[in-house]
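In the two complexes below, chain A is the common chain; its partner is chain B in one and chain C in the other.
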Partner chain A sequence: MSKKLLLDKINVPGIKTFEVYRREGGYQSVEKALKMQTGDIVEEVKKSGLRGRGGAGFPTGLKWSFLAKPEGVARYLVCNADESEPGTFKDRYLMEFIPHLLIEGMITSSFALGSNVSYIYIRGEYDWVADILQAALDEAKQNGFLGKNILGSGFDCEVYLYRGAGAYICGEETALLESLEGKRGLPRIKPPFPAVKGVWGCPTVVNNVETICAVVPIINEGGDAYAKIGVGKSTGTKLISACGNINKPGVYEIDMTISVEEFIYSDEYCGGIANGKRLKACIPGGSSVPILPANLLLKTAKGEPRLMNYESLADGGFITGSSMGSGGFIVLDEDQCVVRHTYTISRFYHHESCGQCSPCREGTGWLEKIFKKIETGKGEMKDIDLLWDVQRRIEGNTICPFGDAAAWPVAAAIRHFRDEFEWHVLNPEECLVRNFGLAHYADALEAVTS
Partner chain B sequence: MSVQFSPEKLDKINELISHYPEGKHKSALIGVLHIAEEEFGWLSVNTMDYVASLLKLQPIEVYEVASFYSMFNLKPVGKYVFEVCQTGPCMLKGSDQIIDYIKQKLNIGVGETTEDGMFTLKTVECLGACGYAPMMQMGKFYKEHLTPERVDQIIEECRNNSARNN
Partner chain C sequence: MPEEQEQLFTITIDGVTIEVPKGTTILNAARQIGPSVAPPAMCYYSKLEGSGGKCRTCLVEVAAGSTKDPRPMPKLVASCRTEVMDGMIVKNVTSEKAIDARHGIVEYLLINHPLDCPICDQAGECYLQDLSYNNGEVGTRYEFKRRTFVREDIGPYIQLHMTRCILCYRCLMVADQLTDSRTQGILLRGDASEISTYISKAIDNDFSGNMIDVCPVGALTDRTYRFKNRVWFLKPVDAHRDCDKCCGKVTLWNRGEEVFRVTSRKDPWGEVQIIDGKAAWICNTCRFEKKKTDDWIIDGPTKIDRHSVISTNHYVEKVIPPDPLKEVLFGREPLLLMDIQETSEVNSQDIDLSILPGPATSTTFIERDEQKEIEEADAERLAINDHKKP
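For the complex of A and B:
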């Protein structure tokens, strides 16, 4: 059983309430932080090696240290709770079942950054979760952890909830800030970065829910202690939301030393592939990261066991590797059709493109259309090359990383499963009734596991 | 102009505006549109114009936001809206079959409303419940681990609820 820093108390009855959360040691990081120099708090976070848990994996302490501090200008901390990368539902889990952890992290982080008014931008669909958070915020305020002169320290802080309204793009930090200003969520050109010019033109730090929650154990136990967990630059623990064709879908806190194989097959985590099927493929970090066939998922191209951490999942680059991404772990069994799955992903990106950049606005529409054609048995061989060509023209040619996120899954699906695309073209009748591709990917796994 | 928020809703709106710095009340727009949907069910041009006047914005500033975010309904919808997720992880667990089942059961297509105005079926993209798939959103809450039986049950509950409240 690996060490749990975020979820260790999640099953304590009543942990959603202030009283129980506090009795279990909650809000100690606030008490401790308020007695520290703000620069020292940032130092602890730097030492911890914590990396942004939203998907990009940028070192949090470094991000904090970039925050501009011009005289007389307000600074803001904004929590990105717009979780919407397909496959990802870990932030919801934290907010729904241990809401005070996020609020504690918000207060501690707000103090470190000098933010007197902070916001939690939560996706609009998490309506009931917003109610849970609001109730927790009210309790924190009644107990003197929010408001004026918190615990007599002289530090004032309010944390407000902001509900989005259904736009994936608002998970991109500059789009989120536009949305927070009451506008369409159109990403901004960077620079200037939010750390210099964020919401309302003021210096702003945007951090993911899990990142802010992780600040709590870092302050309580120290950055060095946190950095000792995990391996290399993958320090601390990571939440993985696992879904698809597995026996035990759910949210798991792992220390990043375990292997992908253990994560999928051990009863402590996913509990193996459902219905006794074999593993075919997996998207290990949310819909935008490359899909890997079973053999490359479990072992790197060098033949080493692949581990559940930033470096190992990315080993081999996008040719033979993938990415930790948001921790949205999507598993496909041997009956699943990679063409169909990638088609739904492309439809998703088309639906969610903000429309600002032509390569993305037009390209995602093309991707969806060509996929539909192939998936419904009307495809031609040249369509596969066209798909490749279109995705290549989107990648790197847009204001924000959304374009890349739309292109990568398509590139990886063709790279690793080209014969499944070809099978669709060659078997137009069969691909309509048989909703799966070629069995040899599943067979490849036997060689790996046996 | 025929639309008007109740005094409680107006209080809620003023509270929202107070969350933002002086002069930045536009930030309350999305929140106010949520409140408007709660109150009126959908966003008509009249409603949006009313919101614009309340927040001292140009109507276009409201239209462009309302039309950007997929949660806002710019057309009337049924009393109960089934928003079924169809993205990859839900597809792997049979969301296509659930959508087909609802279509056939309610005799409507995606984007349509039953004749009695009770149910609207929509397909949506990932709602962050992929581990509990297939799923849909209904109003404030999620309905997860859907099966045809579970769908029957939900439809039944909606009908009973509505009969009781009439």
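For the complex of A and C:
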């Protein structure tokens, strides 16, 4: 059983309340941090090697040190709790069951960054979670951990909870800031980056829920101790939300040394594929990262076992690898149809595109329509190439990473499962009856490289 | 600091090197070089703050970021929103990647466009037409239903034809930046987005007409001019009047002595000109209500140096900008310059098109011819009758 840093107390009865949380050693990092120099806290975070847990994996300490600090201008910390990537539900787990951990992290991080007003932008659909979090915020305030002159240190901090209206795009940090300001959630054109011009035109750091929670153990135990867990540049522990055709879906805290095979098959984690089926494919990091067929998932192209960490999952680039993404681990068994699956993803991205830039606005809709055509048995061979072409010209040409997120799953599906697309075209009647494709999990699949 | 303001950066675009002040965007630097290297811009409008970055037609490849950091940029960048760095090397028409992306953008912009150019007022001066002529494919690969909207009259002067809109957001910026209140906005999201007024409320303020000028396509049209004529049949002249609301400096689009429409004066990039240091936006009175030659003092013929049908047929000799590289078009001729004046009868001077209630169609001319015949026959009969008189 690997060490747990975030979820260790999650099963303590009443941990949602301030009283129990505090008794269990909560809010110590605030007490400790308030006695430190802010620069030293940032140093600790840098030393810990913590990487953003929202999807991009950018080193948090570095991000914090980029924050511009002009004289007389307020700085802000914004917590991105707009967790809406399909397959990802780790942040909800934290906020729902141990809300004070996030609040503790918010106070400590706000102090480190010099933010007197911080925001938690929570996804609109999480309304019951917002209630839990709000109750926890009120308790923290009553106990003097928020508000003026926290613990007599002279540091003032307010944390506001802001509820989004349910748009996926508001998880993109600049769209989130727009939405927080009360405007339409349209991603901003960068530069300027939020570290220079964020919310209300002031320097802002936007961090994911899990990232902010991880600051708590880093301050408590020191950056070096945190960095010792894990391997290489994947330090600390990571929450993985596993779902799909597995025996034990749920949120798991792993240290990033275990292999993908262990994660899927061991009883400590997913407990193997449900109903005695075989593994066909998996999306290891939330709907936007490339899907991998079983053979490439368990072993890298070089034949080494693939590990559950940033480097190993990305091994081979997008040709034979994928990405850690946001930790949404979606497992497909042999009965699942990749075409239908990718169609669902495309439909999602079409629905959620903000419509600001033309490749994404028009391209995502087009992708969905072609998928529908193939899936309903009306597809032609040329449609597969067209799909490839359409996604290729979206990727990298858009304002925000949403365009890439819409293009990558399509590219990977065609790259690894082209024969399944072709099967749909060649067997139009059968593909209407069977909603699964060809199970090619055992064969070595040829990657399409261009 | 004054020195900083004068700091000049060297930038090379498609092999042409130029010095521009710090803070200039790649697009504006390219425009200073000339139309052969300037990337097309469908959403950027230099006079509107915050515009650009949306349509992605101006994507270029940055082969070297700067002298200090000569690494190429990993992605294509929107030249309208990217500032130059000293020693930057940019590839526009010479970059296969950028051209390929642009072909893609044109395809995306057109999949939901109605392609109703034959009945669109913007035809001939439409940026989407020019863009697709230069960067488009011969046919479309899109085979699904296109998105359509119902046409909407927003106020007495402007009609919104949302089906043609490419969502450049320029008209919203005009409303925000020129008028005292914005009454239109974007509804919905993604490819269902539409520009609309609050429950089809009329747009009513003195500078709203400028939305028509900034619209790169025919989504916002002038209701006082709709279907009256094709732009290339009109002769533009610069004119001015004393106006207490705006600068009063406009372009009149005439046929004979008749004023068909009034627009602001445009620069070669299709934007309003800067006159006396200010963008020469015009008010609705000048644009919609002064349709008599007497209302205006004529300054002289307008020179239009733009690659488009609209630059044909004017009083002054047309200025043809240098050809963009032919390779870009895979050997196709890039210019669309035909002398429609010669071939069409719609241009006939003896029909007063401005008093026709609707569009001029062939019936108008058939009726005219029939009318002529009747008149001639009458005249003949009269003559015979005259003859018969004792």
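A few points about this structure:
We adopt the following convention: the second predicted complex is superposed on the first by the 441 of 450 C-alpha atoms of A that agree within 3 Å, B and C clash if a C-alpha of one lies under 4 Å from a C-alpha of the other, contacts with A are read in each partner's own complex, and residues count from 1 in each chain.
Note that in this section a contact is a pair of C-beta atoms (placed from the backbone, for glycine too) under 8 Å apart; a residue touches a chain by one contact, two chains touch by 3 or more.
As the structure is a computational prediction, the values presented were derived from the model and not from experiment.
In the superposition on chain A, A:Ser287 makes contact with chain B only, while chain C stays out of contact range.
In the superposition on chain A, contact is made by A:Ala74 with chain B only, not with chain C.
In the superposition on chain A, contact is made by A:Arg184 with both chain B and chain C. Between chain B and chain C, B touches the greater number of residues of chain A. By the document's definition of touching, neither partner reaches A:Glu172: not chain B, not chain C. In the overlay built on the shared chain, the residue A:Glu352 is in contact with chain B and with chain C. In the overlay built on the shared chain, the residue A:Glu253 is in contact with neither chain B nor chain C. Overlap of the chain B and chain C contact sets on chain A: residues 167, 184, 351-352, 354. Chain B meets chain A in the complex at residues 19, 21, 24, 26-31, 33-34, 61, 64-65, 68-72, 86-89, 91-93, 124-133, 137, 140-142. Contact residues on chain C toward chain A in their complex (touch as defined above): 52-57, 59, 75-76, 78, 81, 100-101, 103-105, 107-109, 111-112, 141-142, 144, 166-167, 169, 186, 188-193. Contact residues of chain A toward chain B in the complex are 74, 83-89, 91-92, 117, 119, 123-128, 158, 160, 162-168, 179-185, 200, 241-245, 249-251, 283, 287, 328, 330, 332, 336, 340-342, 344-345, 347-348, 351-352, 354.
Across the interface of their complex, chain C is touched by residues 167, 184, 189, 350-359, 361-366, 369, 386, 392-394, 396-399 of chain A.
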